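What follows is a pair of complexes built around subunit A, which joins subunit B in one and subunit C in the other.
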Partner chain A sequence: MSGEIVLKVENLSKFFPMKKSVFSRAKHFLHAVDNLNFQIEKGKVLSLVGESGCGKTTTGKTILKLYEPTGGKITFLGKDVTHLHEAEDKRWFHSKTQMIFQDPFESLNPRKTIFDIVAEPMNIQNFGTLKKRELMVMDILKRVGISPPDAFLWRYPHELSGGQRQRVAIARALVMKPEFVVADEPTSMLDVSIRTQVMKLMMELIKEMNMSFLYITHDLAVARYMADEISVMYLGRMVEYADSEELINNPLHPYTKALISAVPVPDPEFKRKSVEIKGGIGKPIDPLPRCRFYDRCPFAMEICNQKEPELVDVGQNHKVACFLYKKDGDTVA
Partner chain B sequence: MKAVLEVKNLKMYYDTQAGQVKAADNISFSLYEGESMGLVGESGCGKTSVSMSIMRLLPENARIISGNIFFGGKDIVKISNEDMNKVRWAGISMIFQAAMNSLNPVYRVGDQIIEAITTHEPNVTFEEARQRVASLYKLVGLDPERMDNYPHEYSGGMKQRAVIAMSLACNPKLIIADEPTTALDVIVQDTILRELEKIQKKLNMSMIYISHDIAVIAEVASKIAIMYAGKIVEMSDSITIFKRPAHPYTVGLMSSFPSIRGPKKELVTIPGEPPNLLNAPDHCRFAPRCPFATDECWKKEPSYEEIENNHFVACFHPQNLKKQVRNNVG
Partner chain C sequence: MTDSTNTTVETTEAKLESPISIRMKLMWRSFKENWKIFSQSKIGMIGLYIVIIFAVAGFIVYPILADTVWKTTSLNAMVSYNPVTGYDFLQNNPAPPSWAHLLGTDPLGRDILAQLLYSTPREFMLGIVAALITVIIGTLIGTIAAYFGGALDTFFMRVADIVLLFPFIPFLIVISGMMQVDLLTLALIIGLLSGFGGITIVLRSQALIVKSRPFIESAKVSGASDSYIIVNHIIPNVMPLSFLYMMFNVTGAIFSEAVLSFFGLLNIKMSWGLMIYTADTAGYIIGSNIWNYWWLWLPAGASITLLCGAFYFIGRGLDEVVNPRLRKR
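On to the complex of A and B.
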């Protein structure tokens, strides 16, 4: 492990109150993100993978301060940004971070031209003159493959295809050259042939601009191609964390194993063996202090019902939160 | 084997203010008893238009210009609406895209399936229908006691199972599943696909799976048709399609799909975007994106031909063929 750490998240939690009334305080909480720890180095991509409702999007939004965290600490470029009060700090933080959303049909304002959309971060940050902004917009549009850029500047989103819109959304996120970007399922709405184009484009840009990425996806195959490290989430908790190839080839947590075995393989001759797990995913409302996978786990033991497993390092930067594994990598009998 | 469904030169166009959209152009395929076919393509390529033509559930501005659809020996393009109503559900049923939204939220799930049964089979009493629903629930892996629940009390996967149960309600010969698992998580998707495959084998039904996801199709279909811009560009059994794809679009599609098995391969991108089907060009529709395109491809449309046994391709420059076959063709 070397290199500058851009983002460090310690014990991050975000709870949502379940029912609010004017006169009573909330009694039940949805533990959307519970005690998350990870860090991202400069130029690296970490992928958060999990099923819908596991808290991956909430994690991304909490880090970017679109939600106020319930607990924990977020350090960005060595500065504590957990709670930002001063306008100046906020401005600094938001000029260095950006988000790319899932649906390019909803994330672009239909009443604005492409120029206005891409230049908006610069307007908010009061950056440069109009001439300079125009040059920068042209520059980034060309870079994301919208060419010729001057033909698109004054068009509206409805004149663009889905792939072009997502390119514009990427251009908007990258025009200020952020240090850190959260990408929330940026390719899941796109068609197969367009998806690969956009994935490749993002990988090139990450390398070229030496950015750090938090890449949120439900698709392990996409995560494998995009990310250096993959972290698997289940009901608000991180259950496994490893380098991408290590996680795909050597999954340890029973949930990760099930997830990997459930991914369809584009090869009709390959017969998958699926790991059977019981039931469906629930909601982490006031969860009991036990392993959250307990109800569905085929290997559930007595201890799993009594306390929550912590993430333990089993070597080679591979961490897993499961009582089946001990620190040295040996399986508990 | 007997063909359950035979589609011949089907042309379905939409009339819009801007002009004619050739959503399905010269589609031909046949489907045998107990066979499952995958229809693969990107959005807007006409997959759903084909299935809606088969069900005759077309919007007002859509017209079947020419072609035949034979189901059980009858051409269902020509029959009256009343006769078509009898074919729907009892003969051909459908699992719709976003199935979770196709249940009515204010009726009990069981009652909605009973309604489907009693509409098509007026002789069946309510009690008999209820019993049939209970056995259908068991078949798709649902607890029959949940029949009297409302849709909002079901999870996404359970709704999907209920919709599958509904599609089976009148013992159809053919089920069209339009993106049956797209909105589901991988683990649920896996169980649903396995369930569907099991039921299909058990009841010896024919299935058409429609999907953009070639990995899903690889798992469930024995025969695959690849659609591009309103046309079937390639069709064969699934092993041939995956091992020796001939159309450059299929080749591109295969190598642009990330997989979690095997060594990490470099992904290949197909440049450009699918064409607008409004006033579609009369040359090969893939030519602008094709690495093998020659002058010929820009002059006329390639015909859809059998290049080897049971392997149909519409391309002037088919790839990956055995040598002798290539000599025969060119």
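On to the complex of A and C.
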């Protein structure tokens, strides 16, 4: 627990109102992100893992102000950035944060050249002269492995391959040397052969530039490779949070156990206790005050239907939101 | 490692071309690519040829002829004769085509060919000004409505519905009864009215598609303002469609002008519609007479049809550039 805390998220919530028309008042809310707490230290990678629709991406986008948070507090570099009103604050925040998107075919404007795309954050922030921007673009393109950069500078995204496009997207995100980057499944649209290259590249750049990453993924193997800490989300709630090795080796929450047992192991002899869960993921619209995993949990108890479990520390920075566990690792059931 | 990077950056810096010349080259390249697709569409090329013929006739041939053959004091020493406004006393008017008047004269003794050529640049001006205003308004309103959504979007879309249902020509007739409408005012009125109409709906739907794409969010994360996103991301992506609609709007504007001048409602010196109006009011386009005096209405009518059609054909050709689905493989 040493090191500077870059990002701290306290009780973050994002509810989407379900309106029928512009003028009607919303009666139902979709609880995309509900009461999230975590913090990221400088140079560390936190991975958010979960099924599709569990609010991982919404969390990332809410932190980066693409959505206004419904409740909670976001502290970035010691400054409260939950609601940014002043233009100066916005500029400061947006110049220090960036996002890498999932689909490299959609996250680059097809009508802009690679130079325009990579230099755009600097254009928006009015950073440096044109000459300086050009040099910085060339430098970062070289660092993400697009070389020679001047051969690519004036090409359009459709002239590049998927891997090259994602490298350009990474270059664009890192050109201003941000403190904090949200990476929203940056490798899931790529070829398996390119995926590892891009992941290695990101690891190198994170170490080199000492950035903090929020790495969103649905793949526990990727999360384990990339992240220092993993937090598992289920329907907008954080169900487990631990250092990545600890989480993979010692999963506590039934959902995490099920997730890990679903990861294929390249060993035909391997036998693992599988955790059976029932049904599919529910809808987080006006959820009842009970454990969100209640319907699918093989260990569901009476208390799970009555109140929501809190995230409890079971030691070694391992937190889990389940009534099966109490403080200091005692097992209840 | 970093040293070598720096030196290579500096060497490549030396051979960098200036960004402006590169951008010009890129534009030229994309123009060439689009031209290749456009030139493969026959209908578009026919339209382009017709427009070029009219443009040459109106902007080059007419000034030359006006300076030489149709010089106000030439033709005959007896009277000064202006082919667009004057009366030719040497024959009974309307006179059929002859060597003196290649397309004959109208009931007021004016040369038909001269009137036709004199009107051509004005038709172009009207069509293009009206279409430009339409497209500028339509693009701005469409993208703004799509981007901000909500009540603003609803408001502009209902306005567009009303404008679409509006009886366009009757409205123009009422307007021209209320005020003196010359060519520029007409272009402004047509541009404003159709700018809030159907084109907004089309461009809004296109902008909605662009708006939902991740590069918009990517710009937002970098701190881009709403106006930056609209100007730099959404408008360039709907621009081809606006350009296409501009071509269709030229047709509409020229057509509306012809209708209004045919009713004699415009305060203009000469236009194709007005030529037909003149023939009509003098009673030459009635019943069986109509083919006896064909030179009074056929050249003007054919010109309106051809030029309107030509711009529409160009639009069809551009459609194939803009919508790859329409291309023949």
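Throughout what follows, the second predicted complex is superposed on the first by the 325 of 333 C-alpha atoms of A that agree within 3 Å, B and C clash if a C-alpha of one lies under 4 Å from a C-alpha of the other, contacts with A are read in each partner's own complex, and residues count from 1 in each chain.
Assume a residue touches a chain if its C-beta (ideal position, glycine included) is under 8 Å from a C-beta of that chain, and two chains touch if they have at least 3 such contacts.
Keep in mind it's a predicted model, so treat the numbers as computed, not measured.
With the C-alpha superposition on subunit A as described, subunit C and subunit B fit side by side in the combined arrangement. Of the two partner chains placed around the shared chain by superposition, subunit C is the only one that A:W154 touches, whereas subunit B remains out of contact.
Across the overlaid complexes, the C-alpha centre of subunit A sees subunit B and subunit C at an angle of 80°, to the nearest 10.
Legend: residue contacts after superposition of the two complexes on their common chain; A:F270 is shown touching subunit B, with no touch to subunit C.
In the superposition on chain A, contact of A:P284 is made with neither subunit B nor subunit C. In the superposed model, A:P309 makes contact with neither subunit B nor subunit C. In the overlay built on the shared chain, the residue A:G72 is in contact with neither subunit B nor subunit C.
Of the two partner chains, subunit B is the only one that A:I260 touches; subunit C does not reach it. Residue contacts after overlaying the shared chain place A:G236 against neither subunit B nor subunit C. Distance between subunit B and subunit C in the overlay is 9 Å (nearest C-alpha pair, rounded to whole angstrom). Shared contact residues of subunit A with subunit B and subunit C: none.
Those residues of subunit A whose C-beta lies close enough to touch subunit C in the complex are 22, 61, 64-66, 90-91, 93-95, 97-99, 101-103, 106-113, 115, 120-121, 124-125, 130, 134-135, 138-139, 142-143, 148-150, 154, 169, 172, 176.
Taken in their complex, subunit B has these residues touching subunit A: 42-43, 155, 157-158, 185-190, 193-194, 212-216, 218-219, 238-239, 241-243, 252-254, 256-261, 264, 267-271, 273-274. Note for the complex: subunit A touches subunit B at residues 51-52, 161, 163-164, 191-197, 199-200, 218-222, 224-225, 245, 248, 258-270, 272, 274, 277, 280-281.
For subunit C in complex with subunit A, the touching residues are 5, 8-9, 12-13, 15-16, 19, 22, 26, 150-151, 154, 213-215, 217-224, 228, 233, 236-237.
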